[in-house]
Amino acid sequence: MAKSWKEWEKPLLEIDEALAKAKEIARKSPPDEQAAAEERIAYYEQRRDNIIRVMYSRLGAWEKVLVARAETRPYALDYINALCTEFVELGGDRRYGDDHAIVGGTAFFNGRPVMVVGQQKGRNIQERQYRNFAMAKPEGYRKAIRLFEMADRFGLPIISLVDTPAADPGVESESRGISEAIAASILAMFEVRVPSVAVVIGEGGSGGAIGIAASNRVLMLEHSVYSVIPPEGCAAILWRQPSEGAKAASALRLTAQSALELGLIDQILEEPFGGAHRDWDKATAIVGEGISEALAGLDGLSAEALKEDRYQKFRRMGKIAES
Amino acid sequence: MAKSWKEWEKPLLEIDEALAKAKEIARKSPPDEQAAAEERIAYYEQRRDNIIRVMYSRLGAWEKVLVARAETRPYALDYINALCTEFVELGGDRRYGDDHAIVGGTAFFNGRPVMVVGQQKGRNIQERQYRNFAMAKPEGYRKAIRLFEMADRFGLPIISLVDTPAADPGVESESRGISEAIAASILAMFEVRVPSVAVVIGEGGSGGAIGIAASNRVLMLEHSVYSVIPPEGCAAILWRQPSEGAKAASALRLTAQSALELGLIDQILEEPFGGAHRDWDKATAIVGEGISEALAGLDGLSAEALKEDRYQKFRRMGKIAES
Amino acid sequence: MLGKSKGTGLDGSFVQCAGCKKTLFKREFEDNLYVCPQCGHHHRLTWQQRVALTFDDGSFQELDSALRSGDPLEFPEYREKLEAAMAKTGMNDSVVAGVATIDGAHVSTAIADFSFMGGSMGSVAGEKITRTLERAAEDQKPAIIFCASGGARMQEGLLSLMQMAKTTAAVAKCREAGAPYIAVFTDPTMAGVLASYASIADVILAEPKALVGFAGARVSAQAQVTKVPDDFQKAEFGERSGMLDKIVERRALKQTLSSLVRVLGGGVR
Amino acid sequence: MLGKSKGTGLDGSFVQCAGCKKTLFKREFEDNLYVCPQCGHHHRLTWQQRVALTFDDGSFQELDSALRSGDPLEFPEYREKLEAAMAKTGMNDSVVAGVATIDGAHVSTAIADFSFMGGSMGSVAGEKITRTLERAAEDQKPAIIFCASGGARMQEGLLSLMQMAKTTAAVAKCREAGAPYIAVFTDPTMAGVLASYASIADVILAEPKALVGFAGARVSAQAQVTKVPDDFQKAEFGERSGMLDKIVERRALKQTLSSLVRVLGGGVR
């Protein structure tokens, strides 16, 4: 079982490389060798597609974790930029600071005014630090609350893009009330009188995720994950071995497919062939369509109906036996 | 013109001392000298009352400032303890900290459940530091907001006791948004659907004061002051001399009497003979009665009527000419 | 949990304080509401002890007692752990819900008991908390919830996480209905419980030195090089950080709750 | 204010930047919206310049222009100062109010001009801000307020302080009516203005390096020994502290305001 994304993706990267080389050769080949070059390219492409088919047709829970965390996947701002026009990023919690792990602002989505909030990862070391690995601090959730309330005031649907390993667990976050901030953000999401849609685009990491995901509709990308605890953390507690993450991932049932079976999400958005990271254009379009449809399904509901829909949706969650 | 409270109060303190001595002598005198001793006491008491009458009948604006700041005056908690039962102090802004410059909590006032909020000065160096000289930081106003909102939720009348030189002007307060906190607190006071009464019991220091004083009824103790800027600060700006505080106090018209004339407060609560600081029992009783009457005057008003009353009250404030 | 009975000749008439480790007279310890007379350590209570110390005698009526977990994920060893916890505690899950009176005033209440799987919140605990808050909202009476939990229950996976949303939604219902909600943080109040219904109560009281925090102390310390205060993740730290209203000694808790219930429940809307 | 005209042979065709002190071509400076092309310093604008840069040509209609102060306290030298300010600026007080369109969308607006007694807020400024917000609430259209003020106007004493409450009450009216309110902090936005209607706008934009603070920098520094950051009380400090949404360069301000007006004004309630 692959421990890391790199290890797991290796066969695919190798074929990608071979394919790139074949294309380079084709570019440099004289006209009379073009046919052979093209053939070679076609061969590699077919092999690549076969590999993808094999790898992605039997993704275990742990592989889903790896894919969901892949650094090549589109992040929140990639979706926002692809799907929205006139995005005006709004910042600040009006209390303490501005948290770059959560981005948000107003925009037009399909020409309709909306409020977008998302957890934002970084692609390189500087960005990752700037974004704190998408682990939001209290001020991030308080910014989100402010935007949710603004959306409520002006009748803007709320779109949440969920992608965080967890909320920030540091001492400073604790001292400024990370727990209160998450709880208050969930509360605000239940109190708004506007439609809300959340999409788990990568990692749905426990309290950090639900803090912006208590929405009327919750969608998950096919290879995203959603979990009460990071599998490594679960393994550390249960078996005192963080390395047993794969075992824990499977026990936790953290895949989109399990979440749907358990009745905890509304829909799975199928990713492009080979995953969202292999085709951003398609991935963003798919997410856009998912949000569109979800919003359309909420159109015409009154403020009260939207609130009640949200309440009943989460009210039902849980599996209980009576003795 | 007296520069300080000590200097100004000196004649009175001297007679208080003489009176105390006379009483001590009387206590030790044999029976046959009692009559003479009593006479001496009566003499001093009369002299003291004359002095008080003279001093307090012609209090200028600056003397009002001195009296309002007197360290012997009852402070917010003194009023709360005298007027309320079952006071449960509530703390924390749920954001950053708990500010001891503002105290607040639930209690019964005349047997009626209420929310009380007040600025609290300290009587000695330790207390003054603990209370930050009643100069509230952002977390103080955010605690107040939380209590105002709680009062709103549960239908509790709000009693504010105003006594601050100013909001805390430090770098930390600035960085956590002291301006926002004050503004948001005023906003919250306009949004609540319950009756509210504010009493300026000492110093009503500019933004720091109005932050908890946007109430349906605003009362001032006879010798309290209410000002847009501390007179020393005004003098420093206008005449580059903080020592010209007396001149500025008079120009600023910061007395309760001026505030009433300008239509900015509802009522002046007459202080006991010689000021609130000379008779706490009477002072607290007078304030209690003032609050009682003010609340009674608001009884039966609907939530909307209370909000509108508050809006119209402050809406009218201002003196404008049309050209 | 409770100071352990110390096997002495006086058959259980002594206990050892979990705080200062001193040996105490059991009778004196109980009379002192399970607070060490030496060091003030507030020992954890069973839900029955909490009921006895808080509510009017005989007023507590348990509700929803039949709810039990169904091991929805077939999580390794979960069933065994549940059965062991049931056998040990006589409870069906970590939270007991019901109604009671306090100085005559009716309240809806829930009490978490740490001795059942660390007070963890799965579907059953979440459901009971939700019903407790819904009852308060419906009857417009105050809710009092005693928290004691390590957090969400891992073994029910995402179902447990969703209890955070569900219970928080129920708090929203309470707010809308104007029903006061008072939370009491007892040792420990952590993670998924703290980050949901616990932290957004109208009034939050805490017992002295109760552990109150989001992340395990180890995680927090790893995550940052910041100096960690001595009382980090203690109620005292939470109070200083503005996250709760008041630390109340156990002896004063009933009176404080009683005042709050009568004041917050006595307003005019 | 604006870069000063420099007396050269080219009769006023050069100005000096108030930031870097460099000499600039007046034409280039104006074309650059009074932002120094060398150092980026955003010079203060008169209200007329602000109107020209923000609203659709000819769409601004001034309202409430007849309001003027009556010197209610007979404050020393106030009348003289007012008259001097009127003569200098041609304004009746520090705020100009009206209605306008931005990319065709109707807004209620007020613009403070620092050149009139430091943009200070007395009864007249407070009244105009209040009416601006009331108009927005009544017509359910967005309000845009450009702030530029040293704070409350001392010379009207407690009346000025009460403008803080009055204007804040008007913000409450806007919120209730669902009318968006956008504030723009320009240099400087201070004290009684910052601590009332300015800080509680739905969206707050700021011009780069605008002074934004509660207390005079001297007071703040005296009050504490804390190290003062280099950009203390600058818009950048405010942004980092979470007190405003976005610092926007003047060249992008109209477009940003236009987007916000259309988004916030275009929701469905």
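In this document, chain identifiers A, B, C and D correspond to the written order of the chains, with residue numbering beginning at 1 in each.
Heads up, the rule we're going with is that a contact is a pair of C-beta atoms (placed from the backbone, for glycine too) under 8 Å apart; a residue touches a chain by one contact, two chains touch by 3 or more.
Note that the coordinates shown come from a computational prediction; the quantities given were computed from them, not determined experimentally.
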{"item": "Other chains in touch with both chain B and chain D", "value": "A"}
{"item": "A-C compared against A-D, more contacting pairs", "value": "A-C"}
{"item": "Chain centre separation (chain C, chain D; CA means) in Å", "value": "51"}
{"item": "Chain A and chain C: spacing of chain centres that average the CA atoms, whole Å", "value": "34"}
{"item": "Distance between the centres, which are taken as Cα means, of chain D and chain A, whole angstrom", "value": "41"}
{"item": "For chain A paired with chain B, centre-to-centre distance based on mean C-alpha positions, whole Å", "value": "54"}
{"item": "Residues of chain A whose C-beta touches two or more other chains", "value": "94-96, 142, 176-177, 180, 184"}
{"item": "Chain D: positions in contact with at least two other chains", "value": "175, 199, 241-243"}
{"item": "Topology of the chain contact graph, where touching chains are joined (line, ring, star, complete, other)", "value": "other"}
{"item": "All chain pairs that touch each other", "value": "A-B, A-C, A-D, B-C, B-D"}
{"item": "Chain B partner contacts - residues on chain D that touch it in the complex", "value": "66-70, 72-73, 75-76, 92, 122-124, 126-127, 130, 152, 154, 156-166, 168-169, 171-173, 175, 191-192, 194-200, 213-215, 219-221, 223-224, 226, 228-229, 232-233, 237, 241-243"}
{"item": "Chain C-facing residues of chain A, complex", "value": "167-180, 182-184, 186-187, 190-191, 206-207, 209-211, 213-214, 226-229, 234, 237-238, 251-254, 258-259, 262, 264, 310-311, 314-315, 317-323"}
{"item": "Chain C contact footprint on chain B (complex, rising order)", "value": "86, 88-98, 106-108, 113-114, 139, 142-143, 150-151, 153-156, 193-194, 303"}
{"item": "Complex contact set, residues of chain B against chain A", "value": "94-96, 138, 142, 176-177, 180, 184"}
{"item": "Of chain C, residues touching chain B in the complex", "value": "175, 178, 180, 199, 202-204, 239-246, 256, 259-260, 262-269"}
